[in-house]
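Following this message is one structure expressed as structure tokens.
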Amino acid sequence: MARLQIRNLEKVYANSFKAVHGISLDVDDGEFMVLVGPSGCAKSTTLRMIAGLETITGGEIRIGDRIVNNLAPGQRGVSMVFQNYALYPHMKVRSNLAFGLKLKRRPKPEIEDATKAVANTLEIDPLLDRLPKQLSGGQAQRVAVGRALIKKPDVFLFDEPLSNLDAKLRASMRVRITDLHKRLKREGQSSTVVYVTHDQTEAMTMGDRICVMKDGCIMQVADPVTLYNRPENAFVAGFIGSPEMNLMEGTLAVNGGIRVRLADQVLTFGEDVGGRLDVTGGEVLLGVRPQHLRIAASDEENALEGHVSHVEFMGHEVYLYVDIADIRLVVVVPSEQYHPEDIRDDRIRLIPRKTAVHIFDRETGRNVSLSANA
Amino acid sequence: MARLQIRNLEKVYANSFKAVHGISLDVDDGEFMVLVGPSGCAKSTTLRMIAGLETITGGEIRIGDRIVNNLAPGQRGVSMVFQNYALYPHMKVRSNLAFGLKLKRRPKPEIEDATKAVANTLEIDPLLDRLPKQLSGGQAQRVAVGRALIKKPDVFLFDEPLSNLDAKLRASMRVRITDLHKRLKREGQSSTVVYVTHDQTEAMTMGDRICVMKDGCIMQVADPVTLYNRPENAFVAGFIGSPEMNLMEGTLAVNGGIRVRLADQVLTFGEDVGGRLDVTGGEVLLGVRPQHLRIAASDEENALEGHVSHVEFMGHEVYLYVDIADIRLVVVVPSEQYHPEDIRDDRIRLIPRKTAVHIFDRETGRNVSLSANA
Amino acid sequence: MAEQITVRTTPELESARTLAEGRRMHAISSAVRYALLAGVGFLMLYPLVWLIGASFKTNTEIFANPGFIPSEPTLNGYIQGWKTSTPYTFATFFWNTFLIILPKTIGTAISCAAVAYGFARFEFPGKRILFATLIATLLLPNVVTRIPQYLLFRDLGWLDTFLPLWVPSAFAGDAFFVFMLIQFLRAIPRDMEEAARVDGANTLQTLIYIVVPMLAPALISVCLFQFMWTMNDFLGPLIYLSSVDKYPVSLALKLSIDTTEAFQWNRILAMSVLALVPALTVFFLAQKYFIEGISTGGVKG
Amino acid sequence: ADLRMSWWGGDSRHVATQEALKACGEKHGHTIKPEFTGWTGHQEKVATQLAGGTEADIMQINWPWLPLFSLEGDGFADLNEYSDTIDLSQWSQAQLDSATVNGKLNGLPVSTTGRVFFFNKATFEEAGLPLPATWDELIEAAAVFKEKLGPDYYPFDAQGGNDGLGAILNVSLVTTQMTGKDLVDPATNTVAWTAEELQKGIEFNQNLADKGGIRDWKTVAGGGNVDLFELPAWSEGKIAGSYEWDSTYGKFNDPIENGELVPVGLLTVEDAVTEGVYRKPSMLFSISKNSENPEAAAQIVNCLLNESEGIEALGDTRGIPASRIAAETLAEGGAINPRLLEAHKLVIEAEGPTVSPFNEHPEVREIFKDALEEFAYGNISAADAATEIVDGVNGVLAKF
Amino acid sequence: MGGDSRYLGLAYVAPYVAGLLIFTAIPFVASFYLSFTDYNLMRSPQWSGLDNYTQLFTRDRTFRKSLSVTLLYVFMTVPLKLVFALFIAYILNYRLKFINFFRTAYYVPSILGGSIAVAVLWRYIFADSGLVNMAITAFGGEPVNWFGDPSNALFTITLLRLWQFGSAMVIFLAALQSIDKTLYEAAAIDGAGKWHTFVYITLPLITPVIFFNLIMQMVQAFQEFNGPYVITEGGPLKSTYLLPLYIYEEAFKKFDMGYASAIAWVLFAIIMVLTLIAFWSSRHWVYYAGDKRS
């Protein structure tokens, strides 16, 4: 019932800046949809139009079976968690939670019960009588979620709710929110979620599906595994995955085998994949994830040779920053496989995992190797 | 010359809260020292005492060969980068950079040259005529670093300079700052650094040495590899590494071999390590990093059996959250080694890598297996 | 075919309708707002309009005709009023006002900024008591301190000079402003000041180079308030100045009003209009900064 | 010598006085710095200066201020000491007496002023009536006005105002006419009227209001206590008469749209014992007791009041001069509006008991006004009001 | 900070302290002394002990009347003015075209200040046949005697002060503009309409400024002099005879400076008590965002 449908949605700001270019998106009842994209790509604008905080200048939004374009935010059956939480600073946690119900003139005992239940779920019972400024970041975050939860909305909206937390808290809140979502779903409550973030890790770990946006347009909507393994374009490929996928400018020639010329070096890939590329040559971007490059044994051929400019020890892994002419690559090596003596005179030779290589048209960014990697 | 020495440093705030409990720390000339610890452990307080922004209530601080306890901040030869950058909002970037030199009444041409040089180093030349509010987060951050750099101080102080940036920017600024430090060192400039963060990734990748703090005390000071592999106590073990090390409450018995009882299961480790533990039994915490647990083959023995409550797909890796009785473990499995069919009825069996296991005294937190892992 | 077309256009029509409806509601609410603003605004402006209108009337018409459009407009009020009944023109009085306002405003800005800085940023012995006296000075009606104050300035030899009119202000004598600046300062984070200290600035340099610029908007409002209040102050100059050539505008305006005699209303109104010009101009020029300024009291971190 | 002179006034007085000072200064070889303001605040300024001993050498002093500034007569220089310099013979003894406190001449009367009746001739003509000569005629006129001209026409005005002065003086006038006595008995320094006598005066005034002869107190207050001559009702002739200072003839006449204001002798009650004219010096020129050059100051005062340079320059900007020679000089020069002269003549020639400055003591005025106001608003009876005034004023007088 | 003397702050407040000692303290103390004397300006003060105060509290009917009028005025004007200033500030806080013009227009009455035109005009507007009554009669109402009726006159003065709400408005406006917009959005999503948002969000967040304006307006109202002085001179029937007017007349009309000082110090004590109450109560209703965590 709480299906969210967006049709040809447009937003033109008062200064006639067109922020959203007619996007369409369906979020199923109970689905956890993540909107992700770089800063300024209109994630917030879209979310705020759903919430009713921005006027819609084109297209329509449906929640359940109602068109909500002209409804006030309070009437749309949505809850929202803001990036800075927007807790009412002058109200105790208890009143912050209860505010929405109080406005609906629910009876006192009902409000109290609901508050207790939510506080219980989120383990914030001991905080009920504190003011927001007496909360740590993680606690404030949970209160903000509680405030959204208590209203039992049709649709939950989150705008970068974790980006103000430190790394450890971020990781644990991530799990909490997805757990909560699953529980609501199990309990049969409406739990459609639209979650905005610019952190690809969050997107990957939390979303049932992910909608990658850029400059007010949708680049790809898919589940995390598809997005990671089969990015439809260079933008999505570069955005999803950490560290970023290495995208190297090169020239493609399909001639029996696949050959890519990068700077002054040439990489060849077996003939068997060649036939399935949907182009036969041209200016391309060669995409390889840092985890898909390994250090070549000294006798291996068909490797890229480069200069190690920087090494980061990450505990379990080591990041190598390698410069090949003017291309900078990142390589992730498990600590136990990293032996500093492999690198002589700062030089290193790298071999990409062939099955994990993507080729993008340099001009349009389209992934021309999708069928090859199927 | 720019060695920083801290001796029995104490801080009691006006409300008689004792924030720093007599810590001592030496930072060598040119060393990059990271102070890390959870929120509220007095990292900032310590840094601010070094800078002269808080009065010192006990102990002494030496920079070079001067005791600086009673010097004004400007006379200590330190530069500081603040968490929120604290750029002067009414001055252009150029004046922000030049302010310190202007106060020293350096001649105009000298100031101009220095500004240009710094702007060049940090690639902010095109921003010189902007106001701080016209900068993006990463740009503002670089200006703040530039402002510290231009003074050629004896000691650089950083207070969580990257925590306001998004994930991608954080990663790239990290590299920039360490590169810069190396370059200064190469050029023979004074470049002692004290860097505060609560992000263990930053600590690990940036520090020559890391000082882990808790509640105003120092828990361990060591280089990243030592800290990661040989944590002296459970606190350090839990704090360093991502995801966190799993710390499981158990009972130790050393009797020929090492046996640890966890909830209703027992793990045994070979006899060969047993002799080197410096205790023979008692209540302990068993520490295993998530990366050091692997899924057992069906016929393997001596495994922990648990229930998978949650799975996070991280692209290259998969995080499994496993509950064993009331202990929750995190396990990191490379994507290619993760086969959902390994998990039957949500149950899974895990084997820790024996050489990477730590045992801590449950009461004191001391690592009693350090010599065992040597 | 036809069916297909209907199916396709219905949602478009519907959404076009909802959009139009949204716009109409918006238009209505903003029309209401403007009507209200303009209505009340007229009440606010009416006296000014009346004043300007009346200043172009003849003396007899001023009270006979309550409207604000003069029936026989005349510049007489301005010409006669400007000349005054003294050997000086109004230019002299404007100049005198300027000579009072300038040091007073500058002195107020400097001293209040420093004092507010002291109260807001430092702990020192006796701070609470001093702050209490600051508030207390606001509470006593100044009618009863007038004579002792006069005697004080007489003993200082400051009578018939501009000094009594601005020197106390230059010693942060206007508690209202100090209090106001303290409030604003408390809303500005200290980070920038700390950064400046680390950059090598002492507290005075920090005040000058960092605090003052960030407080500038609030300071400008202080200057504006001071400007306007000084422009209007009549009693101070009346008591302390005796030489006509030192009179400021506020005093000069009442120079020819003798209730036991007939007097020329139109001259007085005309000069009142002129006396308002500086304040109006200054306010209008500064108001953007003035109003924005106070709001940036909490400069973003 | 270098002297200072302070005064209040309007434009014409300022211009004239500055010229006079220049002329007299040149004549006697002194420079006199003029210090002048409007009326508002001038008293405070002088008071402050006197308290600080920083007053000007020559001051224009309001006659009612005398008991305030010079209770014992020592607030200002005693001008008798400068009788060589100042020609005191130009004033009558009565005039000098009124400026004398404790035997010390505190200042020289600049002009004498008194109250006269002004009527708007045009309005009366319109109503087909002659100008009234008695109170009864006035009351009759009221009825005719209402009938012929409209309900908002009044033949007279004597009420309220900011300070209630119109009512106070009208009540005083009538009571004086009935008793032949001024408010204060100089011999006993107590109130000369009995409460019953005063009650009659108060009732007489109320009767005027009740009959529509004057606006009632509340109406005047409701108009914002605007001065009569600034009222459209005055300029349009709807209020056709008043009891005012002779010197204000011009001020009241100027706004009249049709016709002219005519000064008329005092209306009297039946069985009047006296005309009861209220006549007093309007203001004095006093010399500071702290003056360093009192002799020079005396020369200038004499010049302003008695020598042709001063007389001609000052003209009638302070009313018709009290100094005989000045009055004559001006009258000969024809510089004065004949109607004003006529009004002044009415004042000078009318008879009545000497007016005590205590009539204008602020506390006396306040008691008088408060009681009349309470009565006008119906809070107390005329008898109570009379008792309150008599008792209150006696209380004030007892302090002296 | 490290290395700063703990007396450094004193250096910055030194101008205030100097000014206090030189210009303020002496007249302050002097007027307190005078309140125990009989002083008529022309002669040096005579010590009279508590006479002034006994007279004031036991025999002075005018003082009682004046005090009650003053309290009435304060309790009428301050809330009305705060509400009005806040209301206008609330409206002027919208982003509208010409908003700068409107802001200036609404500040004009305050610029006019004590300009002579204001008094004249006020009479014009509220006189019997003035604009207000014209409007009332045009709508078929009975004309009101604004100045002549003791029960209305004080209100007319209040209206004058209400109309000069500019500085309070400017300060409110500033406070309103500094409220975090996302709080409004959060409230909207919680289902709050304009009114509820205002009551539950806006008001509590600007309490520090409400408090500041409350104190300032109260102090100003207790010291209101110009309005009644220029327009009604305290009448009719002393219904607008505010204490400062009484003090002024005692001091400069009746030259009883000792008595005037005594009244002033009583007034001082009253304001002081109310201010202290306000400061004390502020702990319960004023929310300070800038306070440290507790």
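As written, the chains take the letters A, B, C, D and E, and residue 1 is the first residue of each chain.
Methods note: a residue touches a chain if its C-beta (ideal position, glycine included) is under 8 Å from a C-beta of that chain, and two chains touch if they have at least 3 such contacts.
Chain-to-protein mapping (UniProt): A, B = Sn-glycerol-3-phosphate ABC transporter ATP-binding protein UgpC; C = Carbohydrate ABC transporter permease; E = Sugar ABC transporter permease.
All values reported here derive from a predicted model rather than from experimental measurement.
Peer 1: Please state, in steps, how far chain C lies from chain B along the shortest route of touching chains.
Peer 2: Counted as steps through touching chains, the separation is 1.
Peer 1: By number of C-beta pairs in contact, which chain pair leads?
Peer 2: Per-pair contact counts point to C-E as the maximum.
Peer 1: Taking the mean of all protein CA atoms as the centre, name the chain whose own CA mean is closest to it.
Peer 2: When every chain is reduced to its C-alpha mean, the one closest to the whole-protein mean is C.
Peer 1: Could you put a whole-Å number on the gap between the CA centroids of chain A and chain D?
Peer 2: 92
Peer 1: When the C-alpha atoms of chain C and chain D are each averaged to a single point, how far apart are the two points in Å?
Peer 2: Computed value for the inter-centroid distance: 41 Å.
Peer 1: State, to the nearest whole Å, the distance from the C-alpha centre of chain A to the C-alpha centre of chain B.
Peer 2: That gives a centre separation of 26 Å.
Peer 1: With chain centres taken as the means of their Cα atoms, state the distance from chain D to chain E in Å.
Peer 2: Here chain D and chain E have centroids separated by 38 Å.
Peer 1: Provide the list of chain B residues touching at least two other chains, using ranges where the numbers run on.
Peer 2: Correct list: 51-53, 72-73, 75.
Peer 1: Multi-chain contacts in chain C: which residues touch at least two other chains?
Peer 2: Residues 123, 146-147, 194, 197, 234, 254, 257 of chain C each touch two or more of the other chains.
Peer 1: What are the residues of chain D that contact at least two other chains?
Peer 2: Within chain D, the residues that touch at least two other chains are 44, 51.
Peer 1: Across the complex, what residues on chain C touch chain E?
Peer 2: Going through chain C, the ones touching chain E are 30, 33-34, 36-37, 40-41, 43-48, 50-51, 54, 66, 111, 114-115, 117-119, 121-127, 130, 133-141, 143-149, 152, 167-168, 170-173, 176, 178-180, 183, 186-187, 194, 197, 203, 207, 221, 225, 228-229, 231-232, 234, 253-254, 257, 268-269, 272, 275-276, 279-280, 283-284, 287-288, 290-295, 297-298.
Peer 1: Can you tell me which positions in chain B touch chain A when the two form their complex?
Peer 2: Residues in contact with chain A: 39, 136, 163, 166-168, 171, 174-175, 178-179, 198-201, 204-205, 224-225, 228, 240-244, 289, 291, 310, 312-316, 319, 321, 332.
Peer 1: Write out the stretch or stretches of chain D touching chain C in their complex.
Peer 2: 4, 6, 8-15, 18, 33-41, 44-45, 48-49, 51-54, 56, 227, 229-232, 235, 245, 248, 250-251, 254-255
Peer 1: Hey, which residues of chain C end up touching chain D in the complex?
Peer 2: 60, 63-64, 84-87, 146-147, 150-151, 154, 159, 234-235, 238-239, 242-244, 251, 254-264, 267
Peer 1: Can you check the complex and tell me which residues of chain C touch chain B?
Peer 2: 123, 189, 191-192, 194-202, 205, 209-210, 213-214, 216, 299-301
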